[in-house]
Amino acid sequence: MDFLVEIDASRAYELPSDECADLIKRERVRGRELMEENVLRHFWRLPGTRSNIGIWSAPDADKLEQILESLPVKPYANIKVTALASHPMTVNTSSNSHS
Amino acid sequence: MDFLVEIDASRAYELPSDECADLIKRERVRGRELMEENVLRHFWRLPGTRSNIGIWSAPDADKLEQILESLPVKPYANIKVTALASHPMTVNTSSNSHS
Amino acid sequence: MDFLVEIDASRAYELPSDECADLIKRERVRGRELMEENVLRHFWRLPGTRSNIGIWSAPDADKLEQILESLPVKPYANIKVTALASHPMTVNTSSNSHS
Amino acid sequence: MDFLVEIDASRAYELPSDECADLIKRERVRGRELMEENVLRHFWRLPGTRSNIGIWSAPDADKLEQILESLPVKPYANIKVTALASHPMTVNTSSNSHS
Amino acid sequence: MDFLVEIDASRAYELPSDECADLIKRERVRGRELMEENVLRHFWRLPGTRSNIGIWSAPDADKLEQILESLPVKPYANIKVTALASHPMTVNTSSNSHS
Amino acid sequence: MDFLVEIDASRAYELPSDECADLIKRERVRGRELMEENVLRHFWRLPGTRSNIGIWSAPDADKLEQILESLPVKPYANIKVTALASHPMTVNTSSNSHS
Amino acid sequence: MDFLVEIDASRAYELPSDECADLIKRERVRGRELMEENVLRHFWRLPGTRSNIGIWSAPDADKLEQILESLPVKPYANIKVTALASHPMTVNTSSNSHS
Amino acid sequence: MDFLVEIDASRAYELPSDECADLIKRERVRGRELMEENVLRHFWRLPGTRSNIGIWSAPDADKLEQILESLPVKPYANIKVTALASHPMTVNTSSNSHS
Amino acid sequence: MDFLVEIDASRAYELPSDECADLIKRERVRGRELMEENVLRHFWRLPGTRSNIGIWSAPDADKLEQILESLPVKPYANIKVTALASHPMTVNTSSNSHS
Amino acid sequence: MDFLVEIDASRAYELPSDECADLIKRERVRGRELMEENVLRHFWRLPGTRSNIGIWSAPDADKLEQILESLPVKPYANIKVTALASHPMTVNTSSNSHS
């Protein structure tokens, strides 16, 4: 299933700048892994902010929680999760939201 | 997985009283079915209101959506859904949240 | 550019049921056209609600406004639009948010 | 009676890491005791957060307050309490919310 | 235990004036009964509004819910309930909040 | 007249523990004086929090402000004040809200 | 004592236009009386709205409630009342807030 | 001085369609006059909504209120007004916000 | 024109106590000047808080901003400004809001 | 396209005063460049605050994000971005919002 996840990483930027830079670097490595695994499907920056908003796929909330816990930025992030259901229009068609 | 679901049925009570009574009756039949199927696991009345709050189990949000659509009260309900993850303390123990 | 668009169509369901059914039918035709034009890229149902949330692509807000005005459900919809910027991680890579 | 209790323990994670680890350890011991006493009946993690949400049983608010005060994490927690009433559907039936 | 209960009866005043007058009259009869039973201990008008705020005593939320359901104004009221615990200062003293 | 006063003393608990303990001790002495003077008529703990909610009587807001300024905890407290009017049902009766 | 009172009279403008005109006329007569009695001391229109915001003087909330009940617009008004205390700077000086 | 003014005209669209069309037509005539008088300096549609947001210039709030009252859409509009001050960067320069 | 201005000076009280005392003293000198200049017309303490609420007169928002910047407490204050229009009832009468 | 952008720079004023002064100076240099490039078209101070509100033009949200990242004050700013569409009244006319 899919989740809309908004991650506000503002607090990471209050770290000393080298710690912050290292954290962001590790976060991006982890992010790329999750993109390759088709977990982190789409994401965007909310312009002007330290927040991103994205579509994450996981079998259920337990697995999503496990994935979010694996993010280096997690201890510094405020995260909002919204469960998403498939829309009737995208069910049973070839042009669904992931293809 | 589990979901916290708050259902405000206030609008049902704006129906003519016999329609409302019939609706509540059909809602309770459906509710009992869902309890027997271990979908609707626990629920309570928010005192003083026309809202109930409950714990619903479904494999994912698609199945939950399908179940909520099956409720007779659905067209008159305002519903809020929150995805829940297992708590580390209840994982891998015999006293988990459902037993 | 991309926009996060949340469309609450609750008021459409207050129409007489045949008008509502006809409206939903026309809405879906228009939705399919927008999916084929790669305007309406992804969308989901917020479970338990009459709202959907989606990712829409348009050159700018003027074009998006024109597209939203073309929706049959528009007169009955409450719509929230959030502008999205590309995330640094998805820029200049082959696995960007649309491929 | 039952209470819906949301406990945000974010501030505990601002402690030095060994103090935090010790606190969490003691919190879990206390949590297990409360589960065995059928006080803490069900609880979940809100995914992506340091908050849990649970169903607590106590004879009244005084006893609940006393129990919450006994939590090692209490000084670092923001707690919201909602009183719950039994739902008409679960009263006088064998499948009530606790069995 | 005690509950802080805010009752907004605005919708009662949208009834035809004789129905409304009759309702208010019956509400006051019921209110006096509840005062005599030491259930409705204190209450006030929020100035300028159709809301009252009061302190209600009941063994638990189930009994409170039953009492609120007995109010003639209930179908027209928006009600907020907050559970209250005794304050350490008023416990084990002769000058507690009810004497 | 009566006021509903909510006092959140969370910041007091950020003081060094002996300062905090001394402050709470002095606060309780002052609280008892105000109870004896029939100023602080009723109060409760909001369960799970560092807030209390109470009914305070003072001739007017100037006197209430003077009383609140006299609280040792005042510099560390966030306070919300709501003016209360007598309810028509409790006016001109022997069972009014203070007897 | 003084109160900040915000009166939103939007609903009055949903009456048939002659009823509304008559109501406004009676409201202004009552308003002038209250100005002459130094009850309604200052008031303003919130630009673009059907709301006014004003400073009302009354011995206490009971008297204020009685005055607000006397307003012809009361049944159609949403009213917010905030109790005000004298500011230390205006106490014991000749240039206080009312002279 | 300048004001940020947000006008939500949703209620106008609940009028019978010919009345609504006539109202919008008259609103646009008035809008053009105000643009020519340099009162309505800039305005935009909030995409997906019946709201516009604009910059209005008037000597003070009294004159702005008089202008807003002159809008045909006023009885059907929810309007929010924010007073704006010149920014230090645009004061005493030739490239100020209006040239 | 008049403005409703709410000034929350809580942060000033986080200064060392002698700095705070000096700041308050200078603030009051400035306040008295503004009262004598008929700029600061009326103001009150919100009981229980570090906030005052007042009516300020200035030709426009630029002048008000300049005045607010002149307050010693400005760097420590959270300020909310609401533009006020004259009420039709107080226009063209001798008993307007300032006499 | 145009964006309404509100920038709250309060945190910049928590820097040591010389760092803050230097930052503001550099911010104004950058602001002037953006004004000359017709990116920063109009902006105002919200009176009493450290926030400005402005109209920014950029081809899309990506370019706006890049511009906002170029502001010296960015690391200390809380920024809200709202996408704006042209209003039907200003389209295809010579007196549009930018001339």
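Note that the chains take the letters A, B, C, D, E, F, G, H, I and J in the order they are written out, and that residue 1 is the start of every chain.
Assume a contact is a pair of C-beta atoms (placed from the backbone, for glycine too) under 8 Å apart; a residue touches a chain by one contact, two chains touch by 3 or more.
A quick map from chain label to UniProt name: A, B, C, D, E, F, G, H, I, J = Muconolactone D-isomerase.
Quantities reported herein were computed from a predicted structural model and do not represent experimental measurements.
For the pair subunit E and subunit H, chains touching both partners: G. Listed by label, the chains that touch subunit B and also subunit J are A, C.
Pairs H-J and H-I differ in how many C-beta pairs touch across them, and the larger number is found at H-J.
Note on A-J: its contact pairs, compared by residue number with those of H-J, D-E or E-G, agree for more than half at E-G.
The rotation that brings the Cα trace of subunit E onto that of subunit G spans 70°, given to the nearest 5.
Between subunit A and subunit B, the centres computed from C-alpha atoms are 28 Å apart. Between subunit B and subunit H the centroid-to-centroid distance comes to 45 Å (mean Cα coordinates, whole Å).
Separation between the centroids of subunit A and subunit H, computed from CA atoms only, is 40 Å. In subunit G, 2, 45-47, 61, 64-65, 81-86 are the positions where the chain touches two or more neighbouring chains simultaneously. A complete list of chain pairs in contact reads A-B, A-C, A-D, A-J, B-C, B-D, B-E, C-H, C-J, D-E, D-F, E-F, E-G, F-G, F-I, G-H, G-I, H-I, H-J, I-J.
Residues 13, 45-49 of subunit J are the ones touching subunit I in the complex. Considering their complex, residues 2, 4, 28, 31-32, 35-36, 41-47, 52-55, 82-90, 95, 97 of subunit F touch subunit E.
The part of subunit J that touches subunit C in the complex is made up of residues 1-3, 59-62, 64-65, 81-86. Remark: subunit G residues 5, 7, 61, 64-65, 68, 75, 77, 79-81 touch subunit E in the complex.
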